[in-house]
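Letters are used for the chains, namely A, B and C, taken in the order the chains are written, and counting of residues starts over at 1 for each.
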Amino acid sequence: MIELWNALPLVIQILLKITAILLPLLGMVAYYTYAERKVIGYMQVRIGPNRVGWRGLLQPIADAVKLMMKEIVIPTKADKTLFLLAPMITIAPAMAVWAVFPFDEGLVLADINAGLLYILALSSVGVYGVIIAGWASNSRYALLGSMRVAAQIVAYEIAMGFALVGVLVAAGSLNLGAIVEAQQGNVLTWFWLPLLPLFGVYLISGVAETNRAPFDVAEGESEIVAGFHVEYSGMAFAVFFLAEYANMILIAALSALLFMGGWLSPLPQGWTGGIWVLQDGFHWLLLKTFFFMFVFLWLRATFPRYRYDQIMRLGWKVFIPITIVWILVVALAVVYRLPPWWSA
Amino acid sequence: MGFEKFLFYVFALITLWAAGMVITRKNPVHSVLFLVLAFVSSAALWLLLEAEFLGIVLVLVYVGAVMVLFLFVIMMLDIDIATLRAGFIRYLPIGILITAVMAVEIFLIVGPSNFGLEAFPAPEPAAADASNAADLGRVLYTLYLYPVEIAAVILLVAIVAAIRLTLRRRPETKFVDPSRQVRVKKGPRRIRLVKMAAEVAVPAAVSSAQPGVEENS
Amino acid sequence: MHFDAANLIPILPEITLLITASLVLMVDLYLKEHEKGLNHTLTLIGIAIAIVLTGAVGGGEPQVFFDGNLIRDDISDLLKGAILIVSLLAFVYVRAWLQDRGMLVGEFYVLGLFAILGMLIMVSANSFLPLYLGLELQALSLYALVAFDRDSKKGAEAAMKYFVLGALGSGMLLYGVSMIYGATGSIEFAPVAQAVAEQGMSNKVLVFGIAFLVIGIGFKFGAVPFHMWVPDIYEGAPTPSVLILGSAPKIAAFALAIRMLVDGLGSLHPDWHQMLVILAVLSMGLGNLVAIAQSNIKRMLAYSTISHVGFIFLGLLAGSEQGYASAMFYSIVYAVMAAGAFGILLILSREGFDAERLEDLKGLNDRDAWYAAMMALVMFSMAGVPPTVGFMAKLLVLEAVVRVDMVWLALVAVFFSIIGAFYYLRVVKFIYFDKPADDAPLLVTTGGVRVAMSINGLVLLALGVFPAALLTLCQDAFA
């Protein structure tokens, strides 16, 4: 088996690896939408989708088929090229980001040194799709939505970037694998504890970056109908949807990786007693990611939408100062080797 | 080597094409988007030069933040393209002349005769585990500490100047200050409940003169 | 690799300015409208401390700090001191003007202090990088100062022009620097000079780079044909900004030229010499001729600046120690004169009125004889009438030019300064032989302004009679 794998040309190997990452990801996106409707349904004492398939399990497939059959309506006077380009610009970075994501020790498509920066850079490119979509639709609601997104993303990207600076100061590396290894130990040596303020800022900024409730002013259906994608239909709309959920999964997975020890087990090495489930492994990463994905839904079901000026205030006047102060604290702790995290 | 060279030419051509489009497009939004494309492909060129840190930072800072704001402003402004382009044809010949002279000069000076591989042999490729970010950081904070600090002051000046030139309080615009809003606490001071006797039905003629409910403040 | 705290000693004046600026920035937030004068006081104290520190850390053998980024030598000591003193005078003059127009805010002082900081950095740079960064720091602050009156359309237009042309000039400079780096493999002046000496003239890249450097320097000085921005900006910007922009930055621009052309590329003197000759002759010619036709005194002073820049270039292009010393003397003296001239314009202005036309100077003698005398001194000095220092400065530059066998150039310079004398003397005529306008009120100034202006004017006279005091310092710096 391994000989056969090695005999394949490098390009084929890489393509296969990419498929192995993207297919489960797309499957997860599909069932994330299902989970969202179910979870929010139960939280609101409803049942949620239950018609297609057993307990509604085939609902995402039905949705996908429906969206594929629909016509893509291009408004008159819209900028046709950009209108069609926008969804692709949104989805491409959301997929490409996963290239440097380590799923387990050494299990990564491209183990590059500046992995964290790469993720930050690519996720900041995604916003262009939203802005272009709003502008190219030639609709006021859409333009308003994309204006909101532009200002919001820039504000929260700074906070998010600074939170990640704290992580890389703490880990001393930009490589995602090395960041996980720096958290080696038990649940208390993971970075969520020493970097607690940054962890909070990162998580909330992550919600804002993905335009999810309670920061979804870009869509804001009660004010500007559906914001930037008001004119999109069919597959073009589905691609936006796909990108949004892929980004949510990414933020959840990154939270697990950067602050919750990734694939590390919460128990110290000696306590696992050789039981496979308790030892480090991919399943822990998956578990933690699922937890954060659930948090996204939980937030949406719990909080009403923030007002726009309050969002900007939170980003600029609260989060950025917090992160700057905490970076300083972390830097001092690293320099003076504060135990137990940096005693070595 | 061959594949790398191929990539280099591809990205170089994209960069040049995008740069040309930036100055020839009629629509300013298209121009900005082509500028973004030019940035992205130059970042790719930097990656080919093994300067991955700089390449990624170029995307992160210029594409991800600066150009987003730029696009934001361009979309908000109602730019009158006709007046902007009024002199385009008139100045085109002299523009082309200057460009041609500059291009020839630059080619003669910067071209292979002075900066060829004989004068500047290609450097050894960096080791696989060489970390760009660490190397840059080490140089910046030792050898170039003084310039880095000056650059920090320049950024401070940029902030001060921008705020001075744009921040103005307009008394005629009405807005709620979100900081004051969120500072509101629940409790007895915020709302006052007044005990009062139950309403007695009064004849319709009198009721309009009397306030039905006492105001809460 | 450990950081040596001794590196911080030579930049103590810079650190003082930075701290002062940050302090003003923060204190200003908590000041009420009528307490804004504290900004002024803090700024003056900060500059005064910086002057004292410059004297304290100065002197001795040239030393290089910060891994070759910074140099402290006699040139930097003298120029830093001169920049700080001229700026101190400038800040004393601006207060009343700002207060009358409700612009006495911390930002003016902060931006002014940062501009001075940028100049100090340029003066003591030992490599192209800090030189360029200092230049940008200065330029960015000055752009903002030009646009400081944000309700003024003229000011905004001037700032825009300044910004675009300034950015173009910086771009040229940077391109030239990149060529020099390509040819020599270093951005530090000493290694560049060494590499240039070894390669000699043969390298086309160097000459190409120098052409761009000279263009950049020309832009920053405002020399013809790169002078287009100067008159518009002098006219459009608020007078306090012009005062700050028109005085000390000339000293810094001189430092820019000296550091790049002499420290770095001194052995290529025959190359840049020719370019500077063209710039000098054109500047003196156009500056003096066009100034005659101006009715706006700020515009007139702008063209006079251009002609003085021509004289500074004369000293530089001589290429001898004497030439550099005389150019240094000239630029310092010019900065003092410019501070005085714009200071008088500020004194003449009052709430709702800006002294901008030549007629506004009419009958100054009847309104305040002392200020009239000071303005006359400044004008005589700019025209080069003995016994003021302007005469000495011109004489020294001409002597240096004659010594290197360029008599024709000296004759051209003399010819144009005689033409130039006309418009300076016309100002003197307005001051003494014309009646003031009927509605002109008496001049009200604070004691501080009067003392500063007296020092400013009398220095021009004193240095004219005893030039040795400053001249020996200039000559020692290049000995």
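One rule holds in what follows: a residue touches a chain if its C-beta (ideal position, glycine included) is under 8 Å from a C-beta of that chain, and two chains touch if they have at least 3 such contacts.
As the structure is a prediction and not an experimental result, all values here were calculated from the model.
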item: Graph class of chain-chain contacts, one of line, ring, star, complete, other; value: line
item: Per-chain CA centroid nearest to the all-protein CA mean; value: B
item: Where subunit A and subunit C are represented by their mean Cα positions, the distance between them in whole Å; value: 54
item: Separation of mean Cα positions, subunit C and subunit B [Å, integer]; value: 34
item: Mean-CA-position distance for subunit B and subunit A (Å); value: 23
item: Residue ranges of subunit A touching subunit B (in the complex, touch as defined); value: 82, 112-114, 117-118, 120-122, 124-125, 127-128, 131-132, 135, 143, 146-147, 150-151, 153-154, 157-158, 161, 174, 307, 309-310, 313, 317
item: Subunit B residues touching subunit A - in the complex, by the definition given at the top; value: 29, 33, 36, 40, 52-53, 56-57, 59-60, 63-65, 68-69, 71-72, 75-76, 129, 131-133, 175-176, 178-179, 181-182
item: Residues of subunit B defined as touching subunit C within the complex; value: 105, 108-110, 114-115, 142-147, 150-151, 153-154, 156-158, 160-161, 163-165, 168
item: Subunit B contact footprint on subunit C (complex, rising order); value: 1, 3, 18, 25, 65-67, 69-70, 105, 107, 110-111, 114, 117, 121, 129-130, 133-134, 136-137, 140-141, 143-144, 147-148, 150, 179, 182-183, 203-205, 208
